[in-house]
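We call the chains A, B, C, D, E and F, going by the order they appear; numbering starts again at 1 in every chain.
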Amino acid sequence: MFSLTVADHVMIAHSFRGEEFGPAQRVHGATFVVEAEFRAPALDAANLLVDIAAARVELRKILDGFDYNNLDTLPVFAGKNTTTEFLCLHVHGELCAALKDGRLGDGGKKVEAVKVLLRESPLAWAAYEAAVG
Amino acid sequence: MFSLTVADHVMIAHSFRGEEFGPAQRVHGATFVVEAEFRAPALDAANLLVDIAAARVELRKILDGFDYNNLDTLPVFAGKNTTTEFLCLHVHGELCAALKDGRLGDGGKKVEAVKVLLRESPLAWAAYEAAVG
Amino acid sequence: MFSLTVADHVMIAHSFRGEEFGPAQRVHGATFVVEAEFRAPALDAANLLVDIAAARVELRKILDGFDYNNLDTLPVFAGKNTTTEFLCLHVHGELCAALKDGRLGDGGKKVEAVKVLLRESPLAWAAYEAAVG
Amino acid sequence: MFSLTVADHVMIAHSFRGEEFGPAQRVHGATFVVEAEFRAPALDAANLLVDIAAARVELRKILDGFDYNNLDTLPVFAGKNTTTEFLCLHVHGELCAALKDGRLGDGGKKVEAVKVLLRESPLAWAAYEAAVG
Amino acid sequence: MFSLTVADHVMIAHSFRGEEFGPAQRVHGATFVVEAEFRAPALDAANLLVDIAAARVELRKILDGFDYNNLDTLPVFAGKNTTTEFLCLHVHGELCAALKDGRLGDGGKKVEAVKVLLRESPLAWAAYEAAVG
Amino acid sequence: MFSLTVADHVMIAHSFRGEEFGPAQRVHGATFVVEAEFRAPALDAANLLVDIAAARVELRKILDGFDYNNLDTLPVFAGKNTTTEFLCLHVHGELCAALKDGRLGDGGKKVEAVKVLLRESPLAWAAYEAAVG
């Protein structure tokens, strides 16, 4: 299996509901480094999995949907705890939609699975991986 | 599959028995960066896999069992070559015990697999991953 | 000149006033990796500059003053744009106060200068360095 | 499953054929950080998967085959687009040959799968993983 | 003294003339991570040293002058060994010109010194620092 | 001022004398990443400060003097607390001797100052910088 990963980052604010979150119930924030990994069993004739430049553009478009925002105020996240785990799932869904819409080219159509990893600090990160549904 | 990883480090001394170890047969040491990854197929109602703060506390307790020690002198490692690979297995076992004892909360009970990765230098690292037995 | 650096991190929300800030005028957030460097011309009899454990504790206390908060709501930052540069200055002042109060031991009293560096993302960071006033 | 990874790097020039490569159709270059991961279900009696020193030597020999070269001029890559993905496959093949030839010792003979990851920049990397065929 | 640093990267090919360069006399390449540090004694009324977004744009423009190229073929580098040290000097000169032209705003006019650091691999990097001439 | 830095690492054991060291009074260990920075005001005719390959070789020779050892048992460190700060000073002295002996070539003779930085963990590092005495 081949994989190709591109990285970017966002700087967001948010808060969590639930006593288990302790001080993170307050409005706080994070720089999330976002790593998007595309997996496919074969390369195309040019020896590419997906085009890195195209992958970076699509990831950036998805991140622009919530970068530099307080996630508590965005309709797309209404009523959700935007944990690192959950945001991985969110970006994963958006990337799969981009792949299926052909926004990552023909290479993207061969992608079988995607893994999205978000680093919230040097000491903690989360990921979600699943087939392109 | 979701995953959540927390990191910490230990600073230990040890030595190895066997000619294949060359200079590492002498007492030497390592800073091991320890990454503990928990995997589960779903999040809880709060959108958490396991609580990061709880995971860091439990990992720290496990590492306190051998941090700042010469592993050659600890009964738990008697007669063992404490290679990086072996220490991954050791920490994995301790984390699985913590999960099964409920020390990582209800979230921990849904964890299906754990991966423990130890970085011994910028140029070498090892890992052990397995289901929570 | 010797130097000793300890690192930690905070996860905060804030917003900026001024058109030049563009989207950062909205409430957003950051994980700041904080590096505190202490400089002294000589070591003590034990070959220490400052005790690493003590330095980490004092840095942590200072960071607890604003970690997991929206800086816009904290009286200490009222009316301030809490840019990365400014937060370096803030932590620098707090560390110098700790050094002068003897909270970093006798070693701390020989520290001549302090540099505080905050990383806001993999692509941008700021620092403030100055003598211990 | 255990894994053991060693890292090294190469500094190469190359160019790509195909309009989709844009400016990368020109002769340009890369520092590739190369991570070679060996996977095995068990350790040997000394608690080793493969010997780190031996793994680093074999990886270095493979990389010496194209390090400090313009890949466009090497017969082994004639007519190929030497994308990051493709180079992962190339190194993977060479490592599997080394394992099967016994150049990584008895430990190497138990290795069931290999993953080769090449980092071309802080923002993009690729990998190829497969069983030792 | 305050400092503000932004980072980017380039992927170039080049070769060196001189026996001391050994295998680097062949056309080879590098990913250079480029860190541009601006130093000033004070912040502006908005608590900024220079605007990070503007700094990133100007650094990118300078890097576009040689990114994805074989430096041996660019007139600007004719007859030069484009060592890592030399490229630091080159980028430093371009950044100082940008500062003096006001392309980094009023904040840029207060910048007293600039340091440019290029990482050629995880094991080697170079820098050039000097006053804004 | 130009600078050129090369990096390597050692894996050592040691212990400290003095109650202030707490658990570090026990025999423990560290992976020290060692960064050796050479500073000179000008480059040579080939645009080099010092040759990177030569610098790596000389640094490696110095590190071989204590790598994979228990520093408590080495005559060169008898009666010393081998703190991170102290080891920076030790390596600095050895590098200055190499520069003065001409082991780093003519380029090395122009080096005016050296900085040695040792990272003991992701959260703590020390350095010593001084003129080539």
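Criterion: a residue touches a chain if its C-beta (ideal position, glycine included) is under 8 Å from a C-beta of that chain, and two chains touch if they have at least 3 such contacts.
Here the structure is a predicted model, which is why all the values come from computation and not from measurement.
*Asks:* Which chains are in contact with both chain C and chain F?
*Replies:* E
*Asks:* Hop across touching chains from chain B and tell me the fewest hops that reach chain F.
*Replies:* Counted as steps through touching chains, the separation is 1.
*Asks:* Is it true that over half of the residue numbers where chain A touches chain B are used by both copies, so same, or is it different?
*Replies:* different
*Asks:* I want to compare two interfaces, A-C and E-F. Which one has more contacting C-beta pairs?
*Replies:* Contact tally favours A-C.
*Asks:* Can you compute the centre-to-centre distance for chain C and chain D, using the mean CA position of each chain? Integer Å is fine.
*Replies:* Chain C and chain D have C-alpha centres separated by 41 Å.
*Asks:* Express in whole angstrom the distance between the two chain centres, defined as the mean CA positions of chain D and chain E.
*Replies:* Here the centre of chain E sits 30 Å away from the centre of chain D.
*Asks:* Can you work out the whole-Å distance between the CA centroids of chain B and chain D?
*Replies:* 27
*Asks:* Two-or-more-chain contact residues of chain F, please, as numbers and ranges.
*Replies:* In chain F, the residues touching two or more other chains are 122-123.
*Asks:* Which chains touch which?
*Replies:* Those chain pairs satisfying the definition are A-B, A-C, A-D, B-D, B-F, C-E, C-F, D-E, E-F.
*Asks:* Chain F touches which residues of chain C in the complex?
*Replies:* Residue positions touching the partner: 1-8, 43, 46-49, 51-53, 56, 105.
*Asks:* Which chain D residues qualify as touching chain A in the complex?
*Replies:* Against chain A, the touching part of chain D is residues 16-18, 20-22, 80-86, 88-89, 122-130.
*Asks:* Note which residues of chain C are touching chain A in the complex, please.
*Replies:* 9, 11-14, 23-24, 26-33, 67-70, 73, 120-123
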